[in-house]
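As structure tokens, here come the structures.
Across the two complexes that follow, subunit A remains constant while its partner is subunit B and subsequently subunit C.
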Partner chain A sequence: MIRPEQMDRRFVEEILAEPGGEHLLTCWSCGTCAATCLVRRFNPAFNPRLILHKAGLGLREAVLSSAEIWACSACDACYPRCPQGIHISDVMRAIRNLAIRAGYEAPGPAAQVDAATCSGCAVCTRACPYAAIERKPQMVNGQERTIAWVDRNLCQACGICVAACPSGAMSLEAMNDAELLTRVAAGGWLEQPGFLQGASDAPRLLAFVCQWSIRAEEEWERLQGLNDEHLRVVILPCSGRVEPAHVLLALSKGVDGVLVMGCHEGECHYQRGTYLGRGKVALLNEMMAAVGLAPQRVRFAESSALERRAFERQVAALREAIAALRPAEISEVRG
Partner chain B sequence: MSKINLAAYWASSCGGCDIAIVELGEHLLELAQVADIVFWPAATDFKYADVEAMADGFIDLTLFNGAIRTEEDAHIAHLLRQKSKVLIAFGSCAMEGCIPGLSNLVGPERALRRASIETPSTDNPTGVLPQAQYEMPEGTLSLPRLCGVLHTLEEVVPVDFKIPGCPPNHDQVWKALQAYLAGDLPTNRLLGVDPRTVCDQCPRVREGKIRVKRFQRPHEVIADPERCFLEQGLVCAGPATHAGCGALCVKANMPCRGCYGPPESVADQGAALLDALVASFDGQSDAEVRQIVETIVDPIGTFYRFSLAHSFLQKARALTSWGDDPCASQAATEGETL
Partner chain C sequence: MVDAARHPKITIKAYSEVERVDGYIGNFRAFITQKPRYVIEERCTGCGECVPVCPIEVPNPFEMNIAPRKAIDVPHGQAVPLIYAIDIENCIKCYQCVTACGERDAIDFLQEPRTEEVEVGAIIVATGADHFNPSVIPEYGYGRYPNVITAMELERLANSAGPTVGRLIRPSDGQPPHRLAFIQCVGSRDKRFNEYCSGYCCMASIKNAILLKQEHPEMEITIFYMDIRSPSKGYEEFYNRARQMGIRFIRGRPAQITEDPETGNLFIEVEDQDLGQVLEVEVDMAVLATALIPQPDTQQLATTLTLARSPSGFFMEYHPKLRPIDAPNDGIFFAGTAQGPKDIPASVAQGSAAAARAARVLNAETWEIEPVIARVEPSLCISAQGKKCGLCAAACPYNAIIVEVGRAAQIIPAKCHGCGGCVAECPQNAITQDHFTDAQIVAQMREYLREKPEEKILVLMCHWCSYGGADNAGVSHFQYPPDSRGIRVMCSARMDQDLVLEAFRRGAGMVLVSGCHPQDCHYISGQQVAARRFERLFRTLERLGINPERFRVEWISAAEGEKYARVITEMSQKLASFDKAALRRENEAARKAIMQRLLRWRSLPDMAAVLAEEEEEEKEAVLE
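Presenting the complex of A and B:
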């Protein structure tokens, strides 16, 4: 129930005056954005149409205090589909700016810096797709050092900085290194010898899958069900979060192949994550070839939320590629 | 106070680590007051028989530099382990394989051919290679056989401490020796380092948001002496390298090459550097990313310049091709985790 006294015309004007907020009132409330939005899969409460609608009515408190205004990751999947051409992520940013000025904070999760470990190298500040990290002078154990600082209002929890940080100083709740490694290794999965060593009847694959590259709720459930002795699925916030050290550790333990699954070119939910994932896999492949490991064993695969059973297809293709390698590698063991 | 027995050894190394000890300079005189040098082939005339004659644990402290590349290296590593109370992997070769470890990319035969026949400075018209056995009228001469792959010291015997660096900075060596003499050794096993990474000690300006479209090598550009190398498109290993050297190379306008190994809590230096580098890519499409990747010449030699022999990549390779390795029987593989 909306009461007239909650409606604040000045709030609407403030949004319109904020860079990016100009198009607020052209929204028809058709809901195309909400139908397209990927965030809704993990956060059903997030509905861009509703936020624009409430903002257009001037419901200042309701909008600024809601957790949902922080959920848009600016992937802009909705932008080309909006019949009114509204750049919704810009409007969201305008609203967030007002919220920050009014003293609200993003609910998180956000990346966290371990001040004692951070060396201020600036790798993460370059990595972040949202420019959410800055280097700032801070007092750490009585010493002033210039180290990384995360603006939690800008952080989208993609985990790209966590992968990039070469000191292990950056972490992100469930997506930190130790947590991912636990998921990779749970149940002694890493400790079993592989097919290319002649010890397993079929290739053993580790798959890092970007949470946005897979279709829908049911598909996720199905993926989890695929976990077995020959396949381990680990979900990442983004393929840019993939850690080359984890890929190499898996190979060093005898895992036969690693699949990194991310979004198609231009469809990354976090703007540049998929390019980072691709870059890492390309360099890994080059190094594997140089050291005499078949580069086919590590593969970047693309998928989108619109494709059915892309994951199974990619897993099958990688299995096949690895099965074709076996005679060569086995003979090397003997030779 | 009675003197301690000190030993230093060189296995497969360039000699730089021994120079790092000599570089202690006048501290050597201080050292001589508290330590007897009982074995140091680079500086004084000792024989292996002298070491064999020692009682087990006779040596208090051994600084072991050089990697394990030959049967002889492996044999002496075992001998010194047996005779030493504290064994330190001294320098990058002993600790992580260093530059000689890159020969694991091609294997010992190829490396021998390259060194004995192909290098431009070699004159070897008959193309003869070093032989394990050679008959002379006076008897049989022998050379130690090469290991199938080059090993780190710790792959062959248990090691108490490690001092990184190619070579270790002599100030750090002195600090480590003082800590040892004072009985004040740290609980972690790395000596002669400072906290965090080289970037922490680097005076260069980091703008922080500059990404790069291509990488160049140091000889192709004259680098700005004030700005971060990475932001100039030069690969700098500083972010993935333990502090300890005092940022020597970067202060000489040369990007960090990574000789101090990875920072604590990072298992694989090359993987960490790879990720740090990719993070700075300025590519907005597959094609652009591929173009940037192509500008990184010799990724493995760049990311693993010092640590290939100790890398996950090496371990992965070993799974399918350990082959016939005269040192393998002695090699104890560590349980490695991240």
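Presenting the complex of A and C:
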């Protein structure tokens, strides 16, 4: 039971005084944010409405000690729908600031830096959508060097820095290159010859799918069920995590086409992952054209959690595009 | 409506526009334009034989565009008067209707708009409301998913006189829906669109749910709501009945609707607040309870009749509690949703009340008005001297002042409400307001600032809001320093900049001018007139060498006693921080320039009398 003395009016005032927390009390608990939020797919305990409600009641300890306050990635899908116009991720940030001051820390996971390989080039600091990485002087093997340092309270584990790091120094639990390649190649899938080589009756496709760009739980399960010898689905935390090297590797092993599916521009769960993912594919397409590979074989597609069967439509479209390539120009790397 | 049409004392002018309204309570002259129907009213028998021969079909707005209508038709079956009209924009002029009309010879393609002048004693505005178009809410998919419809569309689909003769079918495949959802608060209680509660929709959705459940007991009906608002007589019992009938109520505002493109079925994602869990509810059809919004031409009518609008856009009543039927202009009354969203019983009640209010006017020989009206001294008005001015008319929220070059401005007493905006705006000081003359106000000021004026805050407050706010501070026992001295005028528009300057000339430490919040102004736009004036006044003070920090403008409502106390406390602290000797030096330096500016004002007969009396006293004081 919650006793009246647990309802701390000062806690409410502290949130209201914190930049971003001003609108806390206008929430009337309609639940629009909770039903919009995609975080609950992976973290069913996360409910922004409940956090705001508890905070509005002044339940200091319950709010500050909860692991859920760190789960909001500020994708702001809820903000344009909120009938009270509350910028919910700002309120979350205000609450987190109070939690940090009270000595709490985000539970993670967070990106990690391998101090020995990090060159301190700062590519990751620019790529990070949350400004969670900075360069700091650190002692490495008895020598002071300025290298990357991750603020785990800000990191949202999108993996964009892992894809960006040219030295392979960034890593993220379960999302490292080796782990991804294992998933792509499981069961020797990568080694089978493809349609463009005349060895298969239908194009063989590899799809990197951002986990936020597809619909609710059962749709995701359905997606896994689509895996067969002609299709391999690899779920990524964000389309910004995709690495051109992985795409090229797949093509060189005989995969006919690669689909990268991310959220619509402006709806990215990690703010600018879509921008980065799409940019990478666009550059890759140019590179492919330059070396004589048909750029149609790699495509970036946008989808959202609002769309049903968007993935099937995109796969069908790519299959069609690849089937149209044959036999006119079977792409070969020149020279 | 048929009874009204047959009544000997009621004339219905349908398909007409009010172009202009002159005059005042008891003596309005309305100019009404009859739009051409291209059908001669006296000859049309309403037989409808012209309709089947017309080859043109256009969407029928009465049927929410679900069904067609012909280019010659009546708006709906029960239309009064039953006169057909040609939709000339869509008519191809095949003249088949002329043939069908035959000997009745009622069709006339040469008809022109006709304007006539009507004398009336009172006006009732009952122009209704419009429906919010939910296609601007992307997450609900209205307009994209055929099976998402609005409550009004449901009304037509379920109506036995509607396009489906009462058989409820869903638009995507014409099949009857078995699972139906009602979504409440679409476009209302939503700061993105309309902040207000439309009020009628809870009961309307429950009504439709009960009707459908009675007819199709096997139908699964779910109502998604944030709060059920059922405060009127018998409403709560009705809501209970719906629950007992097995209609499902889920407390939660749906976040999104998605469609299965193969089946056309809809999935509603919502957090059930009571479970604290997110549900995905599959339904065959969803009905959006859309907000009531003001008619698109509300502003046009507001301009024609000189009416005010509330922040929500509906017409504004004279007083929300004490005069909810009356417009701010005498002799104009409201009925129904033109004044604000409401349900049928409330509309009927307001209609009856408006008729009774109007009857009071029609049966009165004379009409009493407020005694605080403004008067023009013709010899001072420069309009009479052939110059162009008209500042008074521009400030008048009631169109009560007629300005013609070559004649002194004329105030129609029956239209004047006594805000005093014209009095303050007149650069010639040619207008005075009974009971609030400048001399009377200055006499109060003199007493307040007689001793140690530099330690006082002179407050000019409006009668309706800020005076109420100060009163509220008192009755609520809010503590504030005793430095303020308040003078009440009717409206902030009456607060002449000369009065503020005079207060500084008399050495007041600080001056506060305070009126209603813009949307609360009792005199439609008086606050706006005042706000613009005070904006300029800051610059004037600076030029006169008076620290503008000594002048403050605050909008304080009658409920904001706390704000009044806070403002006075803040001003008092600021005043305490000023060096008093420096203040006196500042006043001394500015006095001459202020006197220069107030020369003409001070020479007005009644002002001169007050000032002469004061000089007399001063002389006596010196002698003693």
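Simple rule for what comes next: the second predicted complex is superposed on the first by the 328 of 335 C-alpha atoms of A that agree within 3 Å, B and C clash if a C-alpha of one lies under 4 Å from a C-alpha of the other, contacts with A are read in each partner's own complex, and residues count from 1 in each chain.
Throughout what follows, a contact is a pair of C-beta atoms (placed from the backbone, for glycine too) under 8 Å apart; a residue touches a chain by one contact, two chains touch by 3 or more.
Since we're looking at a predicted model, the values are computed, not measured.
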item: Subunit A as common anchor, with subunit B and subunit C clashing or fitting; value: fit
item: Greater residue coverage of subunit A in the superposed arrangement, subunit B or subunit C; value: B
item: Partner chain in contact with A:Arg81 - subunit B first, subunit C second, else both or neither; value: second
item: Contacts of A:Arg101 with subunit B and subunit C, given as first, second, both or neither; value: neither
item: Partner chain(s) touched by A:Asn47 [first = subunit B, second = subunit C, both, neither]; value: second
item: First, second, both or neither for A:Lys136, with subunit B first and subunit C second; value: neither
item: Lowest inter-chain C-alpha distance for subunit C and subunit B in the superposed arrangement, angstrom; value: 20
item: On subunit A, the residue positions that both subunit B and subunit C contact, one per complex; value: none
item: Of all residues in subunit C, those that touch subunit A in their complex; value: 139, 185, 189-192, 226, 252-256, 258-261, 269-273, 276, 278, 280
item: Residue ranges of subunit A touching subunit B (in the complex, touch as defined); value: 116-127, 131, 134-135, 145, 160-161, 163-168, 177, 181, 194, 196-197, 243-249, 251-252, 254, 265-266, 272, 275-276, 278-280, 282-284, 286-288, 290-293, 329, 332-333, 335
item: Touching residues (chain side subunit B, partner subunit A) in the complex; value: 104-105, 195-200, 206-211, 228, 230-231, 238-240, 243, 262-263, 265-268, 270-276, 278-281, 283-286, 288-290, 292-293, 296, 298-300, 303-304, 308, 311-317, 319-323, 336, 338
item: Residues on subunit A engaged by subunit C in the complex (per definition of touch); value: 28-36, 40, 47, 49-50, 78, 80-81, 83-85, 215-216, 306-309
